[in-house]
Amino acid sequence: MAMTVGKAEFSTETHSLLATLAPGKRTRLRRLLYEFGPGNGTLFFLPIDQGVEHGPRDFFANPASKDPQYQFRLAAEAGYSGIACGYGMASKYYPDYAGQVPLVLKLNSRTEVPPSDEAFSPCHGTVEDAVRLGADAVGYTLYVGSPNQAEDFIQLGGVRRDCDRYGMPLVIWAYPRGRDIDKKGGRDSFYAIDYAARVAMELGADIVKLNMPKLNPEKDKESPAPYSEMEFTQEEAIRHCVESAGRALVVLSGGSKVDDDKLLEQTRLIMEAGGSGVIFGRNVWQRDWNDALKIIDQIKKTLLENRTRIP
Amino acid sequence: MAMTVGKAEFSTETHSLLATLAPGKRTRLRRLLYEFGPGNGTLFFLPIDQGVEHGPRDFFANPASKDPQYQFRLAAEAGYSGIACGYGMASKYYPDYAGQVPLVLKLNSRTEVPPSDEAFSPCHGTVEDAVRLGADAVGYTLYVGSPNQAEDFIQLGGVRRDCDRYGMPLVIWAYPRGRDIDKKGGRDSFYAIDYAARVAMELGADIVKLNMPKLNPEKDKESPAPYSEMEFTQEEAIRHCVESAGRALVVLSGGSKVDDDKLLEQTRLIMEAGGSGVIFGRNVWQRDWNDALKIIDQIKKTLLENRTRIP
Amino acid sequence: MAMTVGKAEFSTETHSLLATLAPGKRTRLRRLLYEFGPGNGTLFFLPIDQGVEHGPRDFFANPASKDPQYQFRLAAEAGYSGIACGYGMASKYYPDYAGQVPLVLKLNSRTEVPPSDEAFSPCHGTVEDAVRLGADAVGYTLYVGSPNQAEDFIQLGGVRRDCDRYGMPLVIWAYPRGRDIDKKGGRDSFYAIDYAARVAMELGADIVKLNMPKLNPEKDKESPAPYSEMEFTQEEAIRHCVESAGRALVVLSGGSKVDDDKLLEQTRLIMEAGGSGVIFGRNVWQRDWNDALKIIDQIKKTLLENRTRIP
Amino acid sequence: MAMTVGKAEFSTETHSLLATLAPGKRTRLRRLLYEFGPGNGTLFFLPIDQGVEHGPRDFFANPASKDPQYQFRLAAEAGYSGIACGYGMASKYYPDYAGQVPLVLKLNSRTEVPPSDEAFSPCHGTVEDAVRLGADAVGYTLYVGSPNQAEDFIQLGGVRRDCDRYGMPLVIWAYPRGRDIDKKGGRDSFYAIDYAARVAMELGADIVKLNMPKLNPEKDKESPAPYSEMEFTQEEAIRHCVESAGRALVVLSGGSKVDDDKLLEQTRLIMEAGGSGVIFGRNVWQRDWNDALKIIDQIKKTLLENRTRIP
Amino acid sequence: MAMTVGKAEFSTETHSLLATLAPGKRTRLRRLLYEFGPGNGTLFFLPIDQGVEHGPRDFFANPASKDPQYQFRLAAEAGYSGIACGYGMASKYYPDYAGQVPLVLKLNSRTEVPPSDEAFSPCHGTVEDAVRLGADAVGYTLYVGSPNQAEDFIQLGGVRRDCDRYGMPLVIWAYPRGRDIDKKGGRDSFYAIDYAARVAMELGADIVKLNMPKLNPEKDKESPAPYSEMEFTQEEAIRHCVESAGRALVVLSGGSKVDDDKLLEQTRLIMEAGGSGVIFGRNVWQRDWNDALKIIDQIKKTLLENRTRIP
């Protein structure tokens, strides 16, 4: 793949994106990219942290999903690149699936009860926990642009250094959030997502998890120039975000459940834009077992067919 | 027991709930579940932390109860699974009862003097204190949904890691609290208790202490969907909460004194819902010695007769 | 002595209050209780921390008292159980009196300049300082019920653990304080003092320093039940407070200067209630040398004559 | 060069400015001053931290600049004294250019999303990171005069001590910022820049990065005397700022893109005032490759021709 | 000297004030008191921290003073007891004067840009820095009575313990400050200065730096009794402040420039009151070289002639 931003002479991919990573990170990332999941350099993650982030209300759509074994078994049997969850579930459920699916230990989380004006996601897990559990990556939610960004950057800095110490890949959930971003086009704006992608890379992410930017000509006028002045297609917007993340791999986040066509369309878009995969939670496990297997199959196929960048 | 949520094929109990725990935790939990108290996999705790949480006013109902020896002797002689208290009492009174009843060292506490809008319970004890005192578990109060949840999660994360380091079971008092939960149905709502149960498990609880959810069709409309839209019986609500805690054991908290029938009824409910026991303080030690012994007997019998899950 | 609260069968004193303490604590406490001061299990402390807490204004009543040597010499020559002061004075003046009177190193303090709505007394001394200086106890001011109680409990927890590490007795100045206690009857109310006594014990005090509760039927209605509903005599109130402190020894704090009869009356009251002694500063050193010696004599006599509990 | 402030007898340069530095700092600074870039004791830095500080919006002017390889290749091939960036980019892109251009690892950063009323730039990188990456200096943004200056000074103190420990030169981005400086003439006033230069030196900077002071007779009246009362030329103002930094070297910061004549004029001014060089980002890399090379050539020539102080 | 407060039998000076200090502190203090400066037990310090505390505006009165070499050379050649400055200047300028004049390393500082309602001076230097630089004392600014006093006391506690660890004398700049002191007579009131002197001593100062108390019968009514009720002469006020500092030595601070007669008069006053010397900055280095030498000579003479206490 040749990225279209910049002159040909500055092709971004003169060598593997993993070439500048330490051996521990490369070893673990190769497991995610090639040995598990759809493989061939793609990523397909199952997140099960909604119990903390939203509460059990997300499980009512599919009562079986309340039992963490549902997601663990799904991740292992349907062939995911990894399952992402916090320490409590990793310690009590992952032992039964150890080695069957890679673990991405999510280190920080918050409940949705307090407002997110000053969002901050505190760490209760550590990179050392991840090493002990046999995880192949850690996850960190960064609330880009929050009034609490100082605390967030400092906390992330500690996690990043521990990742370097142990050769542990760092996945950043890069979420624009807080009262100030709301005044500049909002958390889903192209400006906000593009900014978040870049910040995650510049702070040391190996993989960046992004939401799909939502173009909204009216609200985008509140964003800084040139976002407020230029017109972009959805394709251009997502490509820009992927490029902002530079050598960090990008996976697209799903959010609440949408129809299948839209889900697969988004999967195609992120891959064509140079992304490396998707991380879909509710869109998968809010289905019953057989339906879940079916959509998983389609997602994996879409990932493999639309891959444009080999990490 | 087979839990009714989810498909049969995802039975939650393919093996002991303790199977994925480290040996230190299993050793100590077995002491609580089988060697002391009613036994047979049940839990019956006596908490004596009200002196800090409410002040000595709770002792006027039974003046003898002001002397901590009352509760320690009761716990030891009437056969509890454990007595839960803070460091001051554990260090000055537990030596006289060491080995006669297991100790659950409560690590954090607060007075009720300041309002609980931004509730946070600071740690003044440590897991190492618990090890030194010969405790079989530590207790931690988590104020789920409080504006101070970041500080709380970080503090709990440290306790949880120390529990892993020493093989010490972690009991979480999972209490919804703070001004934001008050706007979403309140601290006793099904939504709040269900959320708290899940958060405690996802942050690493081995045992979760819950209050009984109170169904209140009017106030529940302020909770998020589906809590605001569906109708639940008391039985369903408590079962949901227990299931949200997954492989963490659940004990029901008593609160202020109620009549005996209600007390035993609640005990039955929690056990039928898959819970593992109860933790009753004022309902027991606000009685004189002989009355206390009588109700203890009835509670233990109810626990054993209604047990539906073997940990 | 047999305390009157509780059934006879739960006598609080089946053995020495010191029996459950570690050897370092016992060694040092025996020095305070038996080897210095009035002895025979009583405590008589001279505090000289008013220079920080109130400023030098307290010294104008007796200009000689401005020179710390006044208090040190008084404590040594008149035979106190200990002198309580902060690091600056301990390091510069105690060397001249080392071994002549025990030192209680006060670890935290604050000036009275900022309002006490959110009172918090920061530590600038450490238990290790106390060990190095040859102190026999440390002092800590706990502002029970302050909005800053979280910071206070955490700080005290660290001090308490260091006390355990070094076998150093912990004296807690248990002072209700802050805007919230002011709404519930005030800092001197029976409710507040009783609560403070209990909290100090439950957080690990070996000795609790209390102010005399002031009964005020009008204001006490703002306290929680049963304080707002029952009537108590001064004798009952102080006895309740002493009992709330359980196995922690209680000493009565003096406050600003009162007349001699009242001073001795209060001394008698605390001893009859099961207290172990008094800590009088201004009431003693705001007198000239000979007057001070005279009242000291009377206080010591009162302590010995009214002792009801042998620690 | 003889500086004109002060008596001749107090010439500031009786010996090399580097003479009082530790060997590690001298070794690394000589690399920046003599072995790379224009050399001969001058400094020419390329900063690429705008992706965090402003977001990707800065890259639209020259899409090629979005790929960090653009700046790294420019710095290496056009011959800069150093490239300044954060950990994420340094770890993923610098390996390809290691040894071809010195690295200045920027340790702290913030997004522009929250307002800068209480500006603070949190550290997520460390001096140890810089050592490991083979960097020749670290960069730190100090928001002089911010209400958060206490946190800033403390954080900087830690960085400064680590610099001493490892012999790592410390470059301080000395930026007046926050609501209080806005009331005293503003962040670009002579008063503010002069103050910032001095503070950076007094807190331990080896190199101080300054913005050009902007003289504004109307607004300067809000500054303290004598800034509010005297008249200064641009030349005098910048000379004062350089002198305030004492033995710390001064480099001029560029800011948003200006026309070429102004850019070179500013370069000349800082060098004549005793400065050591410039740090221009957008003014260089917002041009296409050949234009960038052309202006770089002119800047380097200007630096060498107008140098007045040999460090 | 015999101090007049207190009975003759409690003479404050039964032995050297240094007798209770550790050997490292005594060694270094003797250097300041006897080997450098006017000697004979007096102290004469030159502070050069105004560049941070006030900004470079203080240097316009004597442009030569902007170059730190001016103050260092003055301190060394005119014979000061010590020069007090922060780390940046100490590390870059002191090497040229090492051994020629003792160094007092100032550990904390703040800019005057933010208001001082909640004044706090953060540490960016450490006692270890001072040891490494060969300093003979450290300086710490304590804002007595500030709403941030908790943070201040804790920070000072750490510095004080490090001073004990390394035998390093501790000089406290004891400055009443903050919105609450402004309501009680203000930062320069006798009440405030007297309080500050005492607090500094009780927190462990070896030397206390005080401003001259300003008697203002109108404003003093806002101070607590007896300050609001009694009348004092300037002589009495300063003597009280010196006595409040007990065995800590007291030096008088100069503040902004005053006429020579007043300067010498203040020097005389502090010495007669039992003080040990002065610390004059702007009053000395805002003069040209020869004028500075002249006034220095007069100050030294005044110090020696009016000395009343031998430390």
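Going by the order they are written in, the chains are A, B, C, D and E; count residues from 1 in each one.
Keep in mind that, in the parts below, a contact is a pair of C-beta atoms (placed from the backbone, for glycine too) under 8 Å apart; a residue touches a chain by one contact, two chains touch by 3 or more.
None of the values given here were measured: they were computed from a predicted structure.
Engineer: Keeping to the contact definition above, tell me which chains border both subunit B and subunit E.
Structural biologist: Chains touching both subunit B and subunit E: C.
Engineer: Which chains are in contact with both subunit B and subunit C?
Structural biologist: none
Engineer: Do subunit D and subunit E face each other with the same patch, meaning over half of the contact numbers show up on both, or with different patches?
Structural biologist: different
Engineer: Suppose each chain is reduced to the average of its Cα coordinates; what separation in Å results between subunit A and subunit E?
Structural biologist: 57
Engineer: Can you work out the whole-Å distance between the CA centroids of subunit C and subunit E?
Structural biologist: Subunit C and subunit E have C-alpha centres separated by 35 Å.
Engineer: Of all the residues in subunit C, which ones touch at least 2 other chains?
Structural biologist: none
Engineer: How would you write out the ring of chains in order, opening with subunit A and then subunit B?
Structural biologist: Following the touches around from subunit A to subunit B and onward: A, B, C, E, D.
Engineer: Okay, in this complex, where on subunit A does subunit D touch?
Structural biologist: Of all residues in subunit A, those touching subunit D are 3, 5-7, 9-10, 12, 19-21, 144-147, 149-151, 153-154, 156-157, 160-161, 164, 176, 178, 180-181, 184, 191, 194-195, 197-205, 224-227, 230, 240, 243-244, 246-248.
Engineer: Which residues, counting only subunit E, touch subunit D once they are in their complex?
Structural biologist: Those in contact with subunit D are residues 49, 51-52, 55-57, 60, 63-70, 73, 85-89, 91-93, 95-96, 108-111, 113-115, 120-126, 129, 288-289.
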